[in-house]
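A single structure is presented below for examination.
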Amino acid sequence: MRKIIVGVMGPGKNATANDLQNAYTLGQLIAKQGWILLTGGRNLGVMDTVSKGAKSAEGLTIGILPSDNQDSISSWVDIAIFTDMGNARNNINVLTSDVVIACGMGAGTASEIALALKGSKPVILLTNDEESKVFFKKLSPENVYIVESVDQAIATAKTILY
Amino acid sequence: MRKIIVGVMGPGKNATANDLQNAYTLGQLIAKQGWILLTGGRNLGVMDTVSKGAKSAEGLTIGILPSDNQDSISSWVDIAIFTDMGNARNNINVLTSDVVIACGMGAGTASEIALALKGSKPVILLTNDEESKVFFKKLSPENVYIVESVDQAIATAKTILY
Amino acid sequence: MRKIIVGVMGPGKNATANDLQNAYTLGQLIAKQGWILLTGGRNLGVMDTVSKGAKSAEGLTIGILPSDNQDSISSWVDIAIFTDMGNARNNINVLTSDVVIACGMGAGTASEIALALKGSKPVILLTNDEESKVFFKKLSPENVYIVESVDQAIATAKTILY
Amino acid sequence: MRKIIVGVMGPGKNATANDLQNAYTLGQLIAKQGWILLTGGRNLGVMDTVSKGAKSAEGLTIGILPSDNQDSISSWVDIAIFTDMGNARNNINVLTSDVVIACGMGAGTASEIALALKGSKPVILLTNDEESKVFFKKLSPENVYIVESVDQAIATAKTILY
């Protein structure tokens, strides 16, 4: 009965043009599946763009904010959860997601992947950062899925979820 | 553009029959206003009953769970946020709510009222516990609203929100 | 083998002169017992003064900070734990204390008392706020201890701890 | 005036014999420097062994526990901070440490390294896991220090701290 929630994690700052393009399409496809999109909720980078993509396809978007107020919230977030707990909220992001998709790479994203794996959550990696793929796949061969495209990310998520 | 979220806090165990009756009607009326209902998400007491009421009126319900899994989740929660942070999640409950309604009284509920007041959030008290009303009204005269009925709670929430 | 930790909670702002006088003496007596003092760690009000008192008697002081940095830390804190989780750190304050002493009253203090009672921790109330004593004693008759002086607070803590 | 805190992070389960040997010596040397040791506080793996090492040299040890009680606490922890927030406490571990030393590798350890780097904390890596060194060094060249021995870890920590 509960709705499926797919988390998309990625850099706020330092997202590449490719990451942002992937993020927008991911958002659209997640919405089209009828899944709820979860992000870190801020108004920059992958968080912002994937939420915008989901809204363009009339999806529902949740943002788990590090702050206690609306100052840095993405305009594309429907439901804002204010945690006021900084990066510790990254653990909530992954525990709440039925599947985690990492779109791009950075320190925050790496922490979310690692916390997800610590909690035995499946993680789909969509990034050009080769070193991260090698590292995380070795860290948790059974829960890390490496994909090369947005379509493959969605197909992999379906395999995990159904 | 973001949706309005109204949090209803109340005892899990030790809710009175009157608290539960109020909770069910509160859930219905919150849903009818088009507001999202937020609770602590567990399958007991006020949390469970207010969510059931909201679903009976086709509302959307969010549960902020203290745990990391679905073991004790209310069946009437649409969107489950898993925090794995026990009662510290009470702070998220109140920071995320545009208005907090306390329906009944207990230690957990008291902590949510106090955290809300600490964060300068408006709190509406609907309870037969007279000592709590005296205490909290003195603690924060400007942010505590004492009401005698569910209808008055909703009317007060409207005054605060609009 | 683990050291005994006594938490002293009280207003940061709005502490009365009497609260601060009690706080200083409490800090001294806690240190003289060989107990570690735990506070919210900031450089104001009861937190600051009780830590100063403990250091005057060569005690060890822990501060559980709401922030992620040293900007507002009390000079009398030996060990600073940076949580970056705002008032949600109040739950850590009480879970970590073997006994909680509330010295004065305010919204933050009330949240700590309520969270302590939710976690079945003993709480000693030392305050002139009569309404809070009536409310909390009714909320949890078995875990709330009302005292009239610093000496009585320490004597009560001993009874609970040993 | 505040004491220096050095955090040592490493696997609870799946620590190698080499990790544990390093952990014990690290604990001893940290204590001999007069630094406080901070760990995740549980009674297994690197957390437990490094604390034992520190106590063998009469150091002071802090454990930041994921739980709300003493069930799984290391016997070598002097000061136990009970967070009841699961792996979200990993962020407190790193924010509270002046320097973070990773001794070994695993999902929890990787999350702590990533959270430390997100918070611009210096991280010293002491592990045979080559992929992690490549990944994290690329992620944050300025804050990641790769060392080959316990002695080198301590020397590097000194350079960072003084």
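We just call them A, B, C and D in the order they show up, numbering each chain from 1.
Basically, a contact is a pair of C-beta atoms (placed from the backbone, for glycine too) under 8 Å apart; a residue touches a chain by one contact, two chains touch by 3 or more.
Worth saying up front: this structure is predicted, and the values here are computed from it rather than measured.
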Pick the pair with more C-beta contacts: C-D or A-D?
-> A-D
Distance from the CA centroid of chain A to that of chain D, rounded to the nearest Å?
-> 28
Taking each chain's centre as the mean position of its Cα atoms, how many Å separate chain B from chain D?
-> 40
Multi-chain contact residues (two or more partners), chain C = 68, 83-88, 91-92, 119
Touch-based graph of the chains, sorted into line, ring, star, complete or other | complete
Listed in rising order, the residues of chain C that touch chain D in the complex are 1-3, 5, 36, 62, 64, 68, 70, 73, 75, 77-85, 91-92, 95-96, 119
Note: in the complex, chain D contacts chain A through residues 85-92, 105-108, 110-111, 113-115, 117-119, 129, 131-132, 134-135, 138-140
Listed in rising order, chain D residues that touch chain B in their complex are 68, 83-88
